[in-house]
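Can you keep this structure in mind? I'll have questions shortly.
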Amino acid sequence: MVRDVAFGQYFPAKSLIHRLDPRAKLVMFTAYIVIIFCTFNFASLAVTTAFTVLFVALSGVPFKFYFKSLKVIILIVLITSLLNLFYGSGEPIWQWWIFRITQNGINRAIFVTLRIVCLILASSCLTFTTSPTEMTDAIERLMKPLKILHFPVHEIAMMMSLALRFVPTLLEETDKIMQAQKARGSDFESGGITKRVRALTPILVPLFVSAFRRAYEIATAMECRCYNGGDGRTRMKSIHLSARDCISFAVLGLVITGVILCNIFLEPAI
Amino acid sequence: MSFITLKDVVFSYDDIESNPNAPRAVDGVSMSVEKGEFVAVIGHNGCGKSTIAKHLNAMLLPDSGKVFVDSDDTSDENKTFDIRKKVGLVLQNPDNQLVASIVEEDVAFGPENLGVEPEEIRKRVDSALKAVGMYEYREHAPFKLSGGQKQRVAIAGILAIQPECIVLDEPTAMLDPSGRSEVMSTLLKLNREKKMTVVLITHYMDEAVLADRVIVMDGGRVLTEGTPEEVFSQVELLKKHRLDVPQSAELMYRLRGAGVEVSSIPLNVADCISALEEVLR
Amino acid sequence: MSAVLELKNLGYTYGKGTPFEKRAVDGVSLSINKGELVGIIGHTGSGKSTLVQMLNGLIRPTDGQVLLEGTDIWEKPKEIRKIRFRVGMVFQYPEYQLFEETVYKDIAFGPTNMGKTGDELDFAVRSAASFTGLKPELLDKSPFDLSGGEKRRAAIAGVIAMDPDVLVLDEPTAGLDPMGRELLLSQIIQYHKQRKNTVLLVSHSMEDIARVADRIMVMSRSRLVMFEETKEVFSHGAELEQIGLRVPEITKIMQELKNRGFDIPDGILTVDEAFAVLSRLLKKEGKIW
């Protein structure tokens, strides 16, 4: 079932990472993505990996959930690391037919695997520990300066959080409509591409009709609850930077410094 | 003056000024709701009962006639938000009323819109969730809840606005029997214990029987109103308009027609059994 | 009487081999006769939805068999679509499946998938529409312009138009008002009587089931706990209440009177029956004439 996919799901808990300011988490995550692709030798890779492991361990989310999100991308990891393994430059260590493995290839495979795994772990950690509302709230606040340029910051954040809320509902609905059309003899599995595309009409039309009906009803429900745009709104979970956030920024700062130092003083491995 | 008063309300979904013969969803309805009352409005689909519900919190405004909520005219645009703070509306489909991905964040939506202070919102959310018995689920995702649970969260979302009256437009139509009884017992509890004014729009007779007062609508008009006993003893009238009657009431009504002396028409199983026992002894 | 559907130790497990494994249907064996109207009752989550979706091959059982007129429906997995034309399935809120430009075209979707054309197709569509009480002038309208009740009928007609030997209806009256419920239910009974096929009706309304079903299947916690004649099932009031189901109000009243020593038979299902029994009793005692 679609709803069993762990990636991108919130896991309610009260861990240290959960309690970090979502804005801090978003900023740190962005910096992290840059850092992970700037690791060029084993020392810096070790530093960032350790940092990732620390956050995962502190997140209070059972590892089996992380494992579930890793499972989804295992194939991509395998393929890219194999490609890297066989396309390294330099002296071959081992050779057979067109396949040749070099030290550089091995290193590149290790780097690419660890980078992807770290990236997935970090983004899972972010989504597991930050509820969609917190996330959109953070985005709204981070983008607030754009309001001066008449950029509809609140509206966009609201749309995002509604979209996140209704993804599972619409997935479930798609499933139901598909079953109903299958019961009337719809065939999604055979035939050429045009036939398959045509076979989607009986699903897409009802889905759109229902999405529009929902949108209308949601708008009514929101009005009933005194929604009147972003002006004068308060939030139950007010977010503010605390000592926790400063400490995590400090740790991240150390990691960044570490990576830069390693890159300057040590030979690149790839 | 009553808490809510409707005076000769006429409403059409078409433009009634350019087309005076347009079908009228509500055609001259007057009614009132007192503070602390539990009123049920029943009738077929298309009888105008849902249209009435949307008039009670200024979601719709009458084409002619007036609606007053706590002496405020709903057509006064400056009062719209005051009215919606006093009269909360819960809709039929629970899925389409929950706007956030976490239960407690959804319940907080209303007070957040009103600009309530964060600590106060927290208090309101917790007490609203406790009132509907969903406090343990405060950190769950709405889509994983059952229909009855979702509808209770929707009710909590309205309670957090701290209204004086809660109007529900067929809240149980899409629920299974256990979901229906969850919602009904929640409403009864709110009415009895917290003195909340409840207006329940429904087509289930067994729900209407539990109200203090029942208003029956047909064809955009009020057909009859009174206590459940008064309304459901008019079996003939209800049957003529093809409305449901509790099986207990129908049986006793028919026995009375056959010449059995029946003092009052029973509305539930227990009353019916004792009434029948009396007759048979 | 010959069996049209036979279930042999039928079972289904969701997410087999994962930590989220859940047994939805467990060891159901039964046989349904040709021309029967069978009611299916059970709590939400009792497994009845999964069970009915296995009957036309929308869900493949993880164990056991579904036999349609003696043959396993999964004997040739490639031809499972043909089974779906023989076992028609109407889901809950079927109006959400309407998609064509006109009601006519929408009803024709199923029979067209079967390969019907020309007069044969036209006949299938028109007779299905009349079975469900859909007025002929509505056929050229867009399905989205119909009223709620009419949409429901159009969607049901779309399945009836495939002329299935077995028709499964999952809560066909959900969300309708009493008048709409009454009308649709009597239309279904009429269709069943004229067409003489097998109908399976899933419903939460005990009053409806009591009125129409010959036999009732009771599902609870993934298992089939009862499969008996309607009167028999509803005479087990206490057991039904234990699994969170109830009996029709009138059945409960008459049962209680019987328990209090009055001369009343078991399994009274409708107000008509109760009235007949009570007036006979009262006449005998000379309380009415």
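Descriptive notes on the structure:
Every chain is named by a letter (A, B and C) in the order it is written, and numbering of its residues begins at 1.
Definition applied: a residue touches a chain if its C-beta (ideal position, glycine included) is under 8 Å from a C-beta of that chain, and two chains touch if they have at least 3 such contacts.
Just so we're clear, the structure is a prediction, and the values are computed from it rather than from any experiment.
Common partners of chain B and chain C, by the touch rule above, are A.
For the pairs A-C and A-B, the count of C-beta pairs in contact is higher at A-B. Note on chain placement: the centre of chain B and the centre of chain C lie 31 Å apart, centres being C-alpha means. Chain A and chain B have centres, each the mean of its CA atoms, that are 43 Å apart. Looking at the complex, you find that chain B touches chain A at residues 57, 59, 81, 84-85, 88-89, 91, 93, 95-102, 104-105, 108-118, 121-122, 125, 139-143, 154, 157-158, 161.
On the chain A side of its complex with chain C, the touching residues are 1, 4, 64, 173, 176-177, 179-187, 201-202, 205-206, 209-210. Against chain B, in their complex, chain C makes its touches with residues 43-44, 147-149, 174-180, 182, 204, 207, 244, 246, 248-250, 252-253, 256-257, 260, 262, 271, 274-275, 278-279, 281-282, 285, 287-289. Contacts from chain C toward chain A in the complex involve residues 14-15, 18-20, 53, 56, 58, 81, 84-85, 88-89, 91, 94, 96-99, 109-110, 113-114, 144, 158-159, 162. Only residues 44-46, 146-147, 173-174, 176-179, 203, 205, 242-244, 246-248, 250-251, 254-255, 258-260, 269, 272-273, 276-277, 279-280 of chain B touch chain C when the two sit together in their complex.
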